[in-house]
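Pasting a structure below so you can have a look.
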């Protein structure tokens, strides 16, 4: 993919108007409170793996509407003291996979929760186990347009709520230092991390890579790749639903969540990303942070000029390990 | 697409073993009876269109679990006497569209019901209005793997039940001669017509073009195009679910429904069809008909040697008009 | 296809200079007069179809140089009084197909003539029956460069003349109110409708969807899709013929025809159209109308922001039915 | 392209039945005689080029129906004695290009005539100057289906006749030894060379590379690439014309011409050729030669196992130079 | 990718003749001995990573001709006793990446060496640091045809030798139980593991996933995907080098190495693999094992019917962890 | 390919800043001097071809580091007096092919040397015979990133030196007028011709078509086609090497060489070129010429508005023949 979006010198200050509904805060307050009203306990069961250095637990926690959501909790074996925790959200189409996978954060000494994504897990990777018990109106294959005619019905209302509840869940674990919970993810997981950053006021840190779901209306015009393509295709058929759809999506848009965040952010962007256009990533990044909440060094962007959606890969992992260690050292 | 399946001289007698579960009949009997137990009435409302020659009604009938399913009923204006009826099921991803469309069968003097497809209508055409209120376990985008781990949960259990109930609904209309209800459709609609042919014992006629959902396990090995591709992709991730998935799909497979059919059939096949491989169409065709139910001329196949999934197009429409008129004349 | 042309706020006022040859009017006057000099009568034969609500006639009328051109005339059965008529031109590569097709306008109470396109009908749909007896110099496959070195020899000189003569033909039918003849079409058919709008001074109405053949020289630079691609490819080989070719095409360009039109226009444009770039559609739209000929409400554009070349589909059909009914009601 | 046709050990003896119409010989006899009845003289004009070693002439000779056909004649400057001649037919879509091109055969001491192909020259290369003044019924873009409903109207009836007349023309030149005229070409040019081999009884030699137009009906089923694709597409629309079309094409099929040939043949085949399937090349090769006409060493095939349609490239040119020199040396 | 190779029931017993040069053993004996003659010591340096549970070392060992080859050694922190070791070879185009990656085997209690691949590391992943100081004759981009005219010059002579020397190197580490060294890899890494299995007589275990470089001559005919495509393309140009090239490649072919192996094997195959055709994987598998060397249960194949080149993914990792633990438990 | 770069009216004056290292001249002086220090003689052997009008010699001359480089020398048979010479560099991936090919310049009366390209010749055409004995660090397949971390190691340092030495070699031939040596080539050959124009002060003329390797850093952002893609891909993996890589490439960049040229230039550009973006061609063209070195008419650009990378084809050959004849006539 050649460079196709704004040049980098314009991107760094790109801070567009993004539509936000008046009742955005009320909508989400009510949504999260209503989910928290379900007092189903969090379950965890040790998994028998051939791994010698870590313990893995099969976690079930109550998500949106109390629906059971699965996760893997991976912690250093023989750990001591409350550990900082990393909650990880997955990319589009993947599930939580198998318990022996994704060892990085536990190997680095963190408690690590990898959340399964409801209804997803049939497209790549090694599968998931979390159903989405809610149906949908007419939609395009994929979750982008499930419930698109009403923000209360949209898929990401449920999924973002699960993501908030995953933070709630991890804070209940004895190994975890509840004051030091970071969220992270790439693509859909990055957009989700930004949403949780806005919805959970007291996070420790946020790491969002090549985030999806930012400035959605612009993204839909810039690229026609999956999954934004689902919206375009749906609206190419349901030609009368354009305003309805984008109104619903404004409740989801990570730019609007990012405006409300307060935790330090490490983001990354790939300038040839054909899935998540760089200007939409910068739109969220440049709006990130509730006024007065962030210090000068609390927002960092890593730029990968030659990468597509794979972004920084292992380089960004190394950067995250270092950045989070730096945060820990600050305290 | 070049020719890629069996040569025509082998296709005409291709009648493979297709797995059928022992409780196939019980499963479907219970499913249909349970749907019919909902006594929600059928609603119809005249639609104000600029059309002068036909009347169009917006129909809502109770489908699976009594869920409301939409349809357009189009009848000749100033019609007289009970008319033969054609119930039409749509292809994958489409909705019922707009009321002024699909005028052929009414123009030919039939009562015509075009059923909306639950949850679909976001991919091509002009949209649908029928939700699918039931969720799903982890799945690949699209409906093929929704509920794939249990036949009770699979999408097509619900959709085929809707299709049966559409026949029930059309028979309640005063314009319709309940003894002369034909079902038709292409691709997904063709597979659905074959399923209804097996599930409704007293249909008048069946017209199935380039039917999808026939000999699914073979189809999945022969082509990797959408939508069969959804199954392959899901199983490429959920590598442990192969037998589970194909067991579920055996309840859906139109070959198993076709074996139970009794109404005359006009089918069509395209020899370069990259979506619905010709051998899977012949598998259903050569199994079609409950033993003893069909006369020698009651099963007809039109072969389109140079066509892909568009099949016979207007040529096949003309053939259907002539064939159904011939059936009417027989009586 | 992402958005790739000018943004909508620039499109609505995009009115570029488009080259027009000095003898444009003389060229076409002579062409049409010479075609009308052939006094071959229009033939029509009733077609035996299974349709109950309409009558279909197989029409042969004299086109360019008196060449026989085929069409289907479809009228409401039992019609009364002279009816308004719709003349429909087809998209690139299609033929008139079969007589039972395209029932919409007759079902809405209009006399409907669907013109076959000379030499076309071998690419999609159900075929045509009108030869083009004129050969060509070296050309690229397709009609775009047939006769491209001289406007007298170009394919569209003949085809546009056929289209004008189709209006002449429909006006001879007893069912038709000669004062109320509308022309319509999409893509090639839309460009043809605009050309006829400029060549026939007393049309009742013009409906042109995603029209092809507008501001051709710009289009050739913006897209490399078929059929504009034929011109690019031809000129990539015949590198010395650029000015010759574009001079020939300036006689065809629907922008130049649109400037001469006087009948009310309903147009449509799709903002992601990879075949007919939106700015070229607006070029024709913003030039449409002989000075002083149109009232304020006589030019209407429907914009489809998420569609490619399929444009408005059934939504636009519904809009046309309503718009034309509005015109009828005005009188 | 992987290997996709028969394995080589089956190809070498692949000699299928290929349909031949009863009046094949009469049809072509009458066609050629009728073309020769035009007594228009051959014209040649020296071309002013910067080339020092060869002379180039712009040739116009009468082809089918006496239509003027262009060619370049290139001969060694300061040549002496009557030279053997090579007549070259071009591949699909190309024209004769520019006079300074294609120097090989003249540099090797032959008189070389490169024939322009009527109506072609708009797709690749540097253009052509020979019109095809004959029109066509409904067809797919390209020449394959021009006149496909009647062998008298088919494009290749005219083009093959031009090719025969090119041999007639070259024999009139004083530099040429009329007894030593070879024909050659690749792809369309190879099919044409085989046709001329059957139509001109006293050729000196035939060199046909990766020939097109052999066992056309089989080819259409094996590949869907351009140009065979034109036939498939046309028949996918005009579903009723299958037998008509293949009957017409049986007059063109180079297998039927090859059966009537008598001159030594050097052919080549590429086993991964996605345009001209190897089995269709072998079909012509294994049928080549009127019974009793050829000695044991008079038919040679070069096999290129890893090539696609580019075939043997310069290797085959070197082989041809050597093979033809061998023929010359025999005498 | 649909199923395209032999059906599974034929694959399981597919054991084709594969050409082997007479001096195969001598060639490799001399090659390995000559490499071992370089007495450059193995270097290792601890790497400062943020990982708490493992230690990582930057290893440099002498490979072919004593060239320095890089690797990461990852071992459980606070390990005790000599550990079984896993040596891992990478897929085509990748490098060893960064030290914090690939934690699985160390987390499971093994010493783990991940070898960098000479000259590779510029196509995917996070890069490499091992040059290949040897040049090449004319070749196609990629390593497949580097040195293809002589087995002594071929790239894989050097790379396989590096792989053998990696086993030598790991055996020198104090943490490692030299009697329990397993080799593993996928694709190129799988082919390399099979080669090492034949070249190192006393391995503990071999795990080869979707191995590349097996029955190369067949593979080249079955698929035209990268990297086998490099061979096809090279031979399509260098048409005279076919036998030379395949002779060279017979020294590389993993089938010939597999015949000489003696260690237990766990292999995997994906039936839709467009890179490494399943029949070529079975060719190596069914030839695997020096006569008399393996017990009945010492050769295991995991079949992934719906996967492409990603093969078993995490499922196969889990299978390997279990299988290798089983081997350890045997002792 | 649509037009995608700057519009033509901006291109003609596009003269961007292009980074140039301070030691550019020293680097190349030392490189060329060091190559010339090898006093290996030039070898030439007559080749036995069937060509009657030219003589072909197999040439081996010392290139970079004295490495033997192959070429074909083709001269008019029976030539007299010292001839002007044309040295031709090939496009990416090709080799010198076979001796009977590329006859144009000799046929026009020039001595013609066609240089083989080290290590290339495995991708298209008819092969090469010149090895590149130098290895590389980790690289992407292809030569673009071979040695990319140090300008001394980069492939094009070697290849450009070969190209300079080819001029040296041709000047040693008795047939050649050393004062009239022109260099030419297309794509990679065009970039090489520009480099030689800067490195050899006393050339007679330079002809560069659609040159590659101009303003490389811009090109990499504008297109992602092969071969520029190799750089992008390499840097997408080796994310820390961006500045290192572009510093190395600045020694190669033909813009920097063009600034130093003094011979008259005939260039060509194709406005739809997806390989060598037009603005990068103009960047070199508008920088071409050491200050004060060129007269007003000494720099000419041919623009091909509808062409992709094939550029002007035979039209440009004709233009070159005429332009070079014009230069000859000047003297």
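As written, the chains take the letters A, B, C, D, E and F, and residue 1 is the first residue of each chain.
Here, a contact is a pair of C-beta atoms (placed from the backbone, for glycine too) under 8 Å apart; a residue touches a chain by one contact, two chains touch by 3 or more.
Going by UniProt, the chains are A, B, C, D, E, F = Cephalosporin-C deacetylase.
No experiment lies behind these values; they were computed from the predicted model shown.
The chains touching chain B as well as chain D are C, E. Of all residue numbers that take part in the contact between chain A and chain F, under half occur on both sides, making this a different-residue interface.
Set side by side, the interfaces A-B and D-E show unequal numbers of C-beta pairs in contact, with more at A-B. By residue number, over half of the contacts seen at B-D repeat in one listed pair from A-B, A-E or A-F, namely A-F.
Chain geometry summary: the mean Cα position of chain C and that of chain F are 50 Å apart.
If you average the Cα atoms of chain C and of chain D, the two centres end up 40 Å apart. Mean C-alpha positions place chain C and chain E at a centre distance of 63 Å. Touching two or more other chains at once are residues 125-126, 233, 239, 313, 315 of chain F. Here the touching chains pair up as A-B, A-C, A-E, A-F, B-C, B-D, B-E, C-D, C-F, D-E, D-F, E-F.
In the complex of the two chains, the chain A residues touching chain F come out as 1-3, 272, 304-308, 310, 312-313, 315.
Residue ranges of chain B in contact with chain E, taken from their complex: 220-224, 232-233, 235-236, 239-240, 242. Across the interface of their complex, chain B is touched by residues 49-54, 76, 97-98, 100-101, 103-104, 106-109, 125-126, 313-315, 317-318, 321-322, 325 of chain C.
Put simply, chain D touches chain C in their complex at residues 93, 95, 119-143, 145, 230, 233-234, 237-239.
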